[in-house]
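Per-chain residue numbering starts at 1, and chain names A, B and C are given in the order in which the chains are listed.
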């Protein structure tokens, strides 16, 4: 069971309710009226818990799990331990997500403004919005309804935040327009001056950064990530994009819809990612490039050229992933050939 | 036009004034008395805006731009659309920077200390300095005149900050001496204990880190970057150096003047960078090395040895960039040769 | 001498006391009653200072040092300058650490709660704990005795912190249990929602992250690092592990005891590191892997497979370090062979 110090479960739910929520097919042998109390990982689950199998690596754990019920792809159903109620779903991870969300719905916000918050009198705060201790909100800022502004977060003058958006503790937002239902985690910095300067023998001269950061709806930005404002154009993040921790997004970058940027990746200035691009961990993309729709950049790849839609690339400098794997094979072969291919 | 929620333009300025500010040559056909209202990117600029062309990639945008005036290198002047007033400059980006700075001068500071700031009575605060809400300033700290200390920033005991320096929201400064006109962005941590410990079979034992961080004048440190204090010697950053977001600088590192460290790069302990070194994004430099004046470390390079002055290196482990490019060519050739060079 | 604005030395100590503290052998020629006032690096040390030599690179500095005494490995003793008192130790860096800790013991905490701190009435605070300005501590949090909670840090509801632990300024802790004597530096974010979501043609759906972060005793976490809470299982960091700045640890990761993660490294979700694993700077480890006891991952390595105990690996994708070095040699040879191995 999730630690009650941090989580409050909303169950029980019957197997019938669970199957309906997850759009899963309940195994014939199971009692649809059976109540389940919680969700749990395969190894920790007991008879009142719903678990899930999504990754072949955990098939052994599935076979020996004591979970009362399990969301599983139909092809693994036969390997279930005896007595486990099966919730068969074509996309078990998505189905499990729906179940877990039913057991652990988001906490309701407690509308109000902590007495230590410093909110400029010209700021507009929507109804149902909770403002934590030590929060600072600047002049003419507009915070939508049902937002949660975490403790000691700083929202600078003029920033606009849409309905139902969460801002994490100690986050800093300036020169930006944030959509609805975004999750900005702790320590995030959005809207800082981009890294723009003229550098030559005459010295370094800062160039005013006159754009903004625009986050569309449903964007998530992980802890301590940074998104610089545009130099003239705006920096933009498309709806539904997910950005992990410690990610850097340079000025004028444009991310399409539902892009995924994994931890410690970085996108240099003025690069455009079309929709559904995945940038894996610690990958980097040079500036002024275009990454096509649905392209996938492998972990640690260093992308120096445009990537066509749908292509997976890897390596640094990046090449088509298939070629990079072949190159790795060539290296292994060279190593085995005494490491002396030229002798 | 820059969003007036975030920026206030100081124009109009005549073409004559602009040409003078930018040390640019105004095209003969243009009326020097013509007033311009703002700066804007090529695609967005209208007849009252000054734009600029600095990168060949944007030549098409230049040819079709509706900008009333444009800062441009002389060699592209012929390709300008009809009616555009040309401001010819050998260094168009620098010239544009000067124009943009005239339209958008820095906001004046509003001297004063927010009532929620906690300033130790022994701290000295210069005249004209603005201290934001929730700021904490420790004992014996010395903050120069005309500084801006952002909301919820924490300045520990004894820290010294020079005139005209900005400290971003939620930044943390300890054990450091900061020069004049520095820009320390939000979330930056300066002066933490370096990663120094004795580790062996007897366990891990922290070594006291007894040095400081010294930033000379005009240094910029990007959001959420970290600079550890020295172990005994100091960690030092030379005047005019520009450090981007999420950069790590280890204990005892010494950066020369006007070094540039791009986002997510890192310098390990006790390494010395001479003046004008450029460390591109996600590059890393091992400890105890010397990187010569004007050396350039390519993005994602992993530098394991000293680099002589002026050399560009790339790859991991890093080699002269020219060799690295040749190596990439060799790899491509091997891939084309059926991926079987040894058969 | 360490800058008295930031450090207070506790000396003097006699050579006899120093030798005893460091378990070092005092050279016969030295006077055991001679008082020493401070520690200092080789180049800066004077006659009243104790220095140390630990790295061959600094042998020249040792030979010309004016340090009154020096901790040194027996094999370098002969190269000491005349008149230097030698403290011979098999592990000079550890011995120096002990000396430096005697000269610079940790400052005593000043028990108390700053009047601007916001501490929920249901939180429990141990005796001797110092709570800085602007700190926010949530409901039912339990802070042990002799802790130091830095200015503007935010401790969310239910968090547990053990005795003698330091939390840095602007840090954020949620959904976590922290052991005793931990050092959590400024800007650290612990316990955020892991990067867990179901993504497919139907869109992106967040999966509730129902685990915690558990840090055992004596863990250090560097500035601006991030540790996500588990998805169901917990994210765990074993006792004595040292994590540097800007490190990312994904959900469900398990670190063993005394692991070392150097700056800007990252561990993806559900990976397990056994005891004493060293992850060098900017290295990355993919998800769902097992890294064996004492394995060493070189700087910038990209680990895509399990690593057996004790093995050193390097490269991206990572291979045994010995092979990676051979591969680098092969590349150099190919470059020298006209860059045309296949002709």
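A few comments on the model shown:
Note that a contact is a pair of C-beta atoms (placed from the backbone, for glycine too) under 8 Å apart; a residue touches a chain by one contact, two chains touch by 3 or more.
From a predicted model like this one, the values you see are computed outputs, not experimental measurements.
Rotation angle, chain A onto chain C, C-alpha superposition: 120 degrees, expressed as a multiple of 5. Although chain B and chain C share one sequence, what matters here is the overlap of their interface residues, and that overlap falls short of half of the numbers used.
For this pair, chain B with chain C, the centres built from the Cα atoms lie 28 Å apart. Across the assembly, chain A contributes 116, 134, 152, 170, 187, 224, 246, 264, 282, 316, 334, 341 as residues in contact with two or more other chains.
Across the complex, chain C is touched by residues 116, 118, 134, 136, 140, 152, 154, 156-158, 160, 170, 172, 174-175, 187, 189, 192-193, 195, 197-200, 202-208, 210-212, 224, 226, 228, 231-233, 246, 248, 250, 264, 266, 268, 282, 284, 286, 288, 302, 304, 316-317, 319, 323, 326-327, 329-330, 333-334, 337, 341 of chain B. Across the interface of their complex, chain C is touched by residues 2-3, 5-7, 39-41, 43-44, 55, 57, 91, 93-94, 96-98, 100-101, 103-104, 114, 116, 132-134, 150-152, 168-170, 183, 185-187, 218, 220, 222-224, 240, 242, 244-246, 258, 260, 262-264, 281-282, 299-300, 316, 328, 331-332, 334-335, 339-342 of chain A.
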